[in-house]
Amino acid sequence: MGGGSSGRGSAVVWLASALLLLFTSPAYGGPEKPRMSAQTRACIGCHSIYTPGIVYDWRSGRHSRTTPEEALKSPVLQRRVSAKSIPEDLSRYVVGCYECHSRNPEKHKDNFDHMGFRINVIVTPEDCKTCHPVEVKEYAGSKKALAIGNLLDNPVYHTLVDSVTGLKRIKDGEITSEKPSEKTLQETCLGCHGTKIEVRGLKKVSTEMGEIMVPDLTNWPNQGVGRQNPDGSLGACTSCHPRHGFSIEVARKPYTCAQCHLEPDTPAWNVYKESKHGNIYLSASSKWRFDAVPWTVGKDFTAPTCAVCHSSLLVSPEGRVIAQRTHDFGSRLWVRLFGLIYSHPQPRSGDTTIIKNKDGLPLPTTFTGEYASEYLIDEAEQEERLKSMKAICNACHSSDWTNGHFGKLENTIRETNEMTLAATELMLQAWQRGIEDRTNPFDEPLEKMWIKQWLFYSNSIRYASAMTGAPDYAAFKLGWWELAENLQRMKDMIELKSRCTGASPDR
Amino acid sequence: MGGGSSGRGSAVVWLASALLLLFTSPAYGGPEKPRMSAQTRACIGCHSIYTPGIVYDWRSGRHSRTTPEEALKSPVLQRRVSAKSIPEDLSRYVVGCYECHSRNPEKHKDNFDHMGFRINVIVTPEDCKTCHPVEVKEYAGSKKALAIGNLLDNPVYHTLVDSVTGLKRIKDGEITSEKPSEKTLQETCLGCHGTKIEVRGLKKVSTEMGEIMVPDLTNWPNQGVGRQNPDGSLGACTSCHPRHGFSIEVARKPYTCAQCHLEPDTPAWNVYKESKHGNIYLSASSKWRFDAVPWTVGKDFTAPTCAVCHSSLLVSPEGRVIAQRTHDFGSRLWVRLFGLIYSHPQPRSGDTTIIKNKDGLPLPTTFTGEYASEYLIDEAEQEERLKSMKAICNACHSSDWTNGHFGKLENTIRETNEMTLAATELMLQAWQRGIEDRTNPFDEPLEKMWIKQWLFYSNSIRYASAMTGAPDYAAFKLGWWELAENLQRMKDMIELKSRCTGASPDR
Amino acid sequence: MGGGSSGRGSAVVWLASALLLLFTSPAYGGPEKPRMSAQTRACIGCHSIYTPGIVYDWRSGRHSRTTPEEALKSPVLQRRVSAKSIPEDLSRYVVGCYECHSRNPEKHKDNFDHMGFRINVIVTPEDCKTCHPVEVKEYAGSKKALAIGNLLDNPVYHTLVDSVTGLKRIKDGEITSEKPSEKTLQETCLGCHGTKIEVRGLKKVSTEMGEIMVPDLTNWPNQGVGRQNPDGSLGACTSCHPRHGFSIEVARKPYTCAQCHLEPDTPAWNVYKESKHGNIYLSASSKWRFDAVPWTVGKDFTAPTCAVCHSSLLVSPEGRVIAQRTHDFGSRLWVRLFGLIYSHPQPRSGDTTIIKNKDGLPLPTTFTGEYASEYLIDEAEQEERLKSMKAICNACHSSDWTNGHFGKLENTIRETNEMTLAATELMLQAWQRGIEDRTNPFDEPLEKMWIKQWLFYSNSIRYASAMTGAPDYAAFKLGWWELAENLQRMKDMIELKSRCTGASPDR
């Protein structure tokens, strides 16, 4: 096994040499190359032939131009590395293939021998931590890092996942549902939440270089935010910092968040682009500076993007810090707009599986809307976080404007929670009358209508309200119109079924 | 009250002085600064600390670089001000904070004492009129300026608004609907249409400078097109010219119109981006000049945007005027695509509350499609407007092409009106049989299906047809597919309910 | 007839002369003008007055700056013309109005006398073939070129077209459906598929120059991909290369494909923009080079667009060809994701009307999913095409990554086909019980629900899976959620109708 590659060995060496010549020539920008480690040069020797896209993408990025030693010399606010010091063996080379793909080999079950080097297939937060420890630590405690468990280890959500993505067949005229396949989960829920990558051993793959041995990974490829990596770490920095340019510009653009935060369940991007801020972003951002660190309000950008409000280090033109950088994207949030089934204060812990409501269900609210308060942040903490968010708004808006905005959001949360309650009362009625069966609360027609009330429509209205706009969205697209029509239809179907099937009108 | 700010007075003065130094230093672009009025300098002294975003946004715009005196020297076609003369006290200063926020204090109920200056919170069209009287006058007579009354003072539309956005609760197993809250109206219908801003007095707000007194405004913030302002004027120029850059580039980009003109009711942007013109805009507009006045066909842009057809001053490369600028965005339109409930000729007046159809309802057509002709423009006027629109098309297209296009639109209007009639006939049948109750024609399941026929699907098909494309949209997305399926479902539900409930088949 | 124009003759001549002066002046870029043919100069003389938009658009493009003779001198990989030689009379002039609009007059039924020149209204692939024969030949055999017949000459699809776009009326309380009007077909299905353009003779049109005679064309204007042209040729190059810049940049941007490949039936663009590749495109493509030929992976672009995978000539930075250019956009595809009604191997021929399944229907699969294999490419050919696609992926990704990706796609196809089968079994049940009538399988409520399963939801999931992402789309937006809910609703409606109408439960 693996011998297939040896036959091409000499050709590879020849090509690698040729490429090295190319890459160290002045035309290619040669003067900088001496700072590339010998190992990375070897990687690039072959990979610029076999996977040139990623090599050139890397070359476009800061990693290929900066050594950690240089990075550490920047003033603190401008610094893109958060480590206080960097291991000696890394600090004088640019951050190349080998520097990242060879970290912590003892932890990496996906470490393998590749052309004479010990290489990890997957670079994980644990590896990025070498230079970016603060970001990794913040992220590690967030709901995002724990996104797989938060979904699949919660029996209620797991049932919903199964009801939606499980393969259905007709048997004897009835619909049967199977457990979702791993691959379909990867293409749906776990595409965003992340998959568990395990190493089953080695396997042979055919490549342009011949057959080579590589680790046999489960549920791969995947770049979900809570990916469980072969070194035991959680998360994929590449969810938002796509390989191999790792451009801060990309991470700061809303399209990155818009890989997952989308209608109908979490339409952050959909409502943002219809808002005033989205209008300004779409119309004027070609003149903004997306790569400035720190990010200066008014000078580098003139309207917020996702990153402005939820993550970036912001300063005023005279250098005052308006918001500290965070990679726990919920840490500036006081309320969780996302209804489960009601909007509620943010959970205390990024691990939401520990939550139990008064009915004993692993949900932050009861079906009638009571909070599982001991698992949620208290009012003082909510106030503190709201204040930190308002500080960002106030970089452009008067306090009165900002207060007015959040007053509207508060009302929206209250009213959409009420609308969820109304739908839930109809649902309880239908379960009580035996029109549908509560055992699995997510798999019958009325139940699906009920889910849409809180998962699609109420959430959409809240997102629109939070993002200063999208009034047409909140009115007609996926908002009040749907809430009202769907509620009416639920009522109508209950009546029709009660009449046609003789279910008892026990109200 | 308000004393909270005095404690910080000296710090403010100090900071303001420091900022003035900064702003008049050469690095900041000092040579131009002498033209800033003393009052505006004072504003900026503090606001570049407290709300730097808007100060820097303003600095990016033309207002910060041009005095009215200079603006008046431009050749007429290039001029961005329409006033023949500008008051002496304004003409030699750039258009800064104080110049706009201090106009007409006697009319402004939102005028208040702010750090020693009399300031209006809201700058209104009446204020902008100082330099832009023609635009303000055009706008004042348009449907947009009257958008609040046109919606809420029309009892039919008001009922629809209430049915959609009113909070619903379940009482004794029945759905009850409340009047919509002010805040929900602000986040939905009135987000686009505008709110009525009244001054309830003064109130204390906490700011970074301490507590200050500010006017206590109702329904604020809002930037809807028909906003009723505290000086009695109508409209918000900031709907399309976002503060404080007031960039013509932003106003001319379709994202601005796309804050409100969206699916499912008015999907102008949605169909535009799928059209050939939208394709060219999205693919090539990074090379266009969006800030040129006048706007030259072929040189400054190579495909129309919303502004091209509906608003901008267009010239040919040799300087011939192809279309005069207008801020009455309906003035180039002969037909109103938006079905109420049928598409119909544009109304004569921007105030549509005066319309009465033959059935006595405040609608431009009867339920069977007859026009309330005396309130609509006549054929000669329609012809005139169509001609002015064709002149724009003909800057790129042959007359035959243009005629062919509008021939298709005419057919689309006729057929979608027919489809609305078919749905209305089913609805009348259902009302007659007592399946639903006509008292409120907008709140029951069949009624909602009927509304979607004319408000969502028919409108969408017309918009797609008007915008030279979006064939997949008109076929499947929100068009003929939906029209056909929904009509069939209406029929089906009527039959099912007739059978299950014993409603009399009285046709 | 036509005399109306003579009255303006002298004015036209005067203006044309003036324009010629302008266009040959140094300020306009005069030095290049001698290479414009005399006829094209005459065209431009008038058209820069009457339709300046297209004249300036043309001037922005390569056609206006390059002669075929020069184009032929480029190295082969950089060449944008595929002809080995170009007729002598064309080779030394830039490619202007007359060069294209005067080709093959004997074949063009739309050829007419226009201001003393014999002009074709429509430039067709047969005309473009003069310089681009390879592209035209590839295209001519593709499904796109045959898109009208493939839709309308297939009785099954034609029935679907009629059911969707036919005008409905209520007669005696029943819904009646007419044949769709030509104009509505143009605005829907044939907007993308193309119309048949015939010449009915000449007609008079009013223009700014007075009345002139022009060919009277049917179904015009249209730029659908399979347009049947008055010279007998098929296709419209302008579908993707909009007039008159004919920019390769536009053709390579996904917005061009996104004129037609859209949700809900073929949501290629919709899922692309939510994918990782779409994220990188939207965030970073302002720095890409869209006009480079050949197109270099990693240097000119760092993520694929539609054109990268389906059409463009791709090379690696050292010049190795990764993919040959093709204008048969299906030629790199092994599977047809688009379910008819199941996803299946690509058809052998671009003419799909010849296909017959085992049930004698003109469909590539039976209703139970069996392939009409003799009309579809065999496994060896599938393997070959998959390999060519993988070569593109592997320009950035490891073989294992790429295999993992296509493994997921394969699973998606299998499961969505199963879900289509489940819906079809319910449909067969309903037809059997007489709940709906199979004569027209596309016009009743349950039938429409069934159609959505395979035409909207299954397709959407497959597109999302093929495009490496859009997990939220595949889960909730138009994917598994809808598949599951709609299937459940079909079942529910069958039961309800069985009970209410007494249809026999004959399962």
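In order of appearance the chains are A, B and C, and numbering begins at 1 in each one.
One rule holds for everything that comes next: a contact is a pair of C-beta atoms (placed from the backbone, for glycine too) under 8 Å apart; a residue touches a chain by one contact, two chains touch by 3 or more.
What you see is a predicted model; the values in this text were computed from it and never measured.
Visitor: Since chain B and chain C share one sequence, what rotation angle in degrees maps the C-alpha trace of one onto the other, as a multiple of 5?
Guide: 120
Visitor: Please tell me whether the contact surfaces of chain A and chain C are same or different in residue numbering, using the over-half criterion.
Guide: Because under half of the interface numbers appear in both copies, chain C and chain A meet with different residues.
Visitor: What is the distance in Å between the mean C-alpha positions of chain A and chain C?
Guide: Here chain A and chain C have centroids separated by 34 Å.
Visitor: Using the touch rule from the top of the page, what residues of chain A touch 2 or more other chains?
Guide: Residues 286, 496, 500 of chain A touch two or more partner chains.
Visitor: Can you tell me which positions in chain C touch chain A when the two form their complex?
Guide: Residues in contact with chain A: 273-276, 278-280, 282-284, 286, 297-299, 302, 316-318, 320, 394-401, 403-405, 407-408, 411-412, 415, 418-419, 421-422, 425-426, 429, 461, 464-465, 469-477, 479-481, 483-485, 487-489, 491-492, 496, 499-500, 507.
Visitor: Considering only the defined contacts, which chain C positions touch chain B in the complex?
Guide: Residue positions touching the partner: 19, 22, 48-57, 60, 163-170, 172-175, 181, 183-184, 186-192, 205-208, 214, 217, 220-221, 223, 242, 245, 247, 249-250, 253, 255-256, 258-260, 262-266, 286, 443-445, 448, 456, 496-497, 500-501.
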